[in-house]
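Consider the two complexes below, in which chain A is the common component and chain B and chain C are the respective partners.
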Partner chain A sequence: MTGAPPPLLIFQVGPSRFAADAADVERIDPARAGPRDLVEASCLGAPSAARCELVVRGAASALAVDLVLGIREPAPDDLRALPELAAACLASSAVRGLVLLDGTPTPVIDLPTLVCELRPAGSAPEPGEPHHA
Partner chain B sequence: MRESRELNPRRRPAAKPRRGAASRAPDHASLVAALQALGEGRYADVRLDMPERGPGREVALALQAAVERVQADLAAQARYADVVREGVSEAIDALVKLVVQGDLSGDLRLSVGDASLAPLVSGIGQIVHTLKRFVTEMREAALRLASSSEQVLAAATHSERSTTQQAGAIHETTATMEELKGASQQIAENAQMVATIAQRALSQTHQGESSIKSFMESMEKVRHNATEVDDAIGKLSRRVERIGTVVEVIDEIADRSDLLALNAALEGAKAGEAGRGFSIVAAEMRRLAENVMESTKEIKNLITEIREATHAAKEASDGNKRMAAEGEQLGAAAMGQVGGILSGIQETSDASRVIHLATQQQRTATEQVVQSMGEIEEVTRQAQSGSKQATAAAAELSKLAERLAELVKRFKVD
Partner chain C sequence: MSEGRDEPDIPSGASDAQLFCLRLLGGRYAFEASLVAEVVRLGPLTRLPAAPPFLPGVFSHRGEILAVLDVNQLFGMRPLPLGAAARAAVVRAGPWKVAVLAEAIEGLVEIDRAALQPPPAEAPGGAAEFLTGVARDRRGELAVLDLPRLVDAARARRIAA
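Let's look at the complex of A and B:
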């Protein structure tokens, strides 16, 4: 990662906090705001209350989360690359790195990749979406 | 008699003529003196000169003869008197001897032959006969007296013993009556005390009755207030629910405001440096929304607490209503029981008054009885003293009867 880090949207699924590039979120909707593809369970876990839905930019899908904690603009030093061993162990490629929030490492999630990985097999990924096996 | 002895012509010859007077007639003075001496019974002083002849001599002789006759008669009377005196002495001696010896069994035999003493002898015989009859009757009377005196003594002794026992019994009765009087006094005092206590208990029970009435009124008020509280709690609960609904709306609005603020912040972040001011406003809005949500959360907590408190108050109110209803039931039961207690205490008070009055009458009667018993005891004491005196008198009478019998025994009548 080089340059100023982008603003990160901090959200919570279950007991865990995650971060995502704010630019990947088209908007934040309340729960059950409308009919669309809703990712309720993922490698991030399953939300307990699912109070909000993060509409992923360009994916026409939304990720159900329990809570949106806000937007942070981390310092460059707060961003960390994912260790190779950890990246090799992960089944999902949606986890792009770590960010230190108040000293706590928080996974940075690539939301388009995550919703793409969860799309049913055979459905073609949209252009620009990351591919993963 | 003595005069007759002096006139005895054998011892003192009367009318002896003086020397030298025979030749002449007795003068008138000497005759008068002789007749006066004769009339006065001084036969020895009858001195008359005996003339030798003439009528004076006849007078002197006649006078002398008369003097001699008188003297002879006097001598005869003297002898007769001696005979009578001897007969009387003999009769009296015989009578005295008979009386002294006490032998009245035989007939009195006197040798008095003079007929003039026959009445005396007859009288003495009658005296002896009368004495014999008296002695016989006295003996019988003495025997009867001894027997009667013994009976009187026995009766007096028995009476004394009975009187003594009676006095003892009366004394014990008097003491018992004294104790009874004291007991009556004690009973009267206790009855008075019971009456006082019963009156006090009656007053207190009346107060208790008033208290129970007040209690029941209070219970009714409590029940009424509990109902009002219940209604108020219901209203409060409804208001709280309404507040909860409003808070839910506010919370939802805040939540959406928060979401909107988040989206605004998101857009601001996407806009980069140009959207920084927008992001600041969004952050402020989000902070406000969070504050609202925090406040609504507190309100919800408060509502929850109010609900719990309202529920507890509702339960307490229901409990109060139940307790008030039970209190009213208990008060009614207590009122009925107090009514019974009042009736019982009233009866006790009346009975204690009756007992007090009766014991006072009993005490008065007992005092009268004690007084009467005292008088009876005094009379009995006097009777006892009299009985002792009667016993002593009977004993003395018995002794006298024995003595009389012994004395009468001395007279032999059979």
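Let's look at the complex of A and C:
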């Protein structure tokens, strides 16, 4: 990863913490705020309480999460690439790298890619939705 | 996370193989000692989404993020324990730098290359194809792994795992 790091939204699914580009989150809704495609379980795991939903910008989908822990602006040195073997073995391209949060590696998730991967094969993207092939 | 370094201080003859021995797959396995950078005690791991079972997580070590390889799970065996006593050998195997999780770490052993025997046709979980030989020392039998080829196979098996 290069360039100035974007602000990251930190959230929790089950026992695990994740980060995502805050710009990819249109808003944070309470659980069951409205009818839409809701991702309740993914490779991130399944939330235990699903207290809120991250509405993914341009995707008309939301990801159910347990907690939103805030926004971090990481230093460039805190953003790390995945170890090469891990990058070669992951079954999802939504895991873009890692950010060190208080010294702990935390997966950085590309939310549009995550919801795109979970969409049934053959379904068309929503109008205006960026294509994350 | 603390770590200790195994210092290779055993004099070697030209016909001796310097191997690094650890316990996994229920037995003693070894690979070329030159592949090993150090031995680390594992702290908490970060699980990666969509990772195969043989990659139970990553950790930060001296500013570097390393993936942990559980060889047992690569061969469909019970996962190696990841408790507070878990240790791993940090190795560079071909293009990959990984921490190979072990049941226990013995460290350096020196084997007369002439005493190396051909590998058996059968080994736990199908590991025989990654063995280059077997030998005996005072602690018993050990099998010699082609670690770079094993790690490469781990990458190639990502879908099946």
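The definition used in the following text is that the second predicted complex is superposed on the first by the 124 of 133 C-alpha atoms of A that agree within 3 Å, B and C clash if a C-alpha of one lies under 4 Å from a C-alpha of the other, contacts with A are read in each partner's own complex, and residues count from 1 in each chain.
We take it that a contact is a pair of C-beta atoms (placed from the backbone, for glycine too) under 8 Å apart; a residue touches a chain by one contact, two chains touch by 3 or more.
The structure presented is a predicted model; accordingly, all values stated were derived computationally and were not measured.
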Worksheet entry | Room on chain A for both chain B and chain C (clash or fit) | fit
Practice prompt. Quick one: classify A:Pro7 as touching chain B (first), chain C (second), both or neither.
Written response: first
Worksheet item: After superposition on the shared chain, which partner residues are touched by A:Thr106: those of chain B (first), chain C (second), both, or neither?
Response: second
Item to complete: Quick one: classify A:Ser16 as touching chain B (first), chain C (second), both or neither.
Response: second
Practice prompt. Look at A:Leu85 in the shared chain and tell me whether it touches chain B only, chain C only, both, or neither; answer first, second, both or neither.
Written response: second
Fill in: If touched residues of chain A are counted for chain B and for chain C, the larger one
C
Fill in: Which superposed partner A:Ile71 touches (first chain B, second chain C, both, neither)
first
Item to complete: Quick one: classify A:Ala31 as touching chain B (first), chain C (second), both or neither.
Response: neither
Response to the item:
Rounded to the nearest 10, the angle in degrees at the CA centre of chain A toward chain B and chain C equals 80
Worksheet item: Is A:Ala50 touching the first partner chain B, the second partner chain C, both, or neither of them?
Response: neither
Worksheet entry | Least Cα gap, in Å, left between chain B and chain C after the two complexes are fitted on chain A | 24
Fill in: Shared chain A surface residues [contacts with chain B and with chain C]
none
Item to complete: Report the residues of chain C in contact with chain A in the complex, numbered from low to high.
Response: 44, 46-52, 55, 58-60, 65-67, 69, 95-98, 151, 154-155, 158-159, 161
Worksheet item: Okay, in this complex, where on chain A does chain B touch?
Response: 7, 9, 22-23, 25, 27-30, 51-52, 68, 70-71, 73
Worksheet entry | Sites on chain A touched by chain C in the complex | 16, 18, 42-45, 80-86, 88-92, 94-95, 98, 100, 103-107, 109
Response to the item:
The chain B residues in contact with chain A across the complex are 255-256, 259, 262-263, 265-266, 268-270, 279, 283, 286
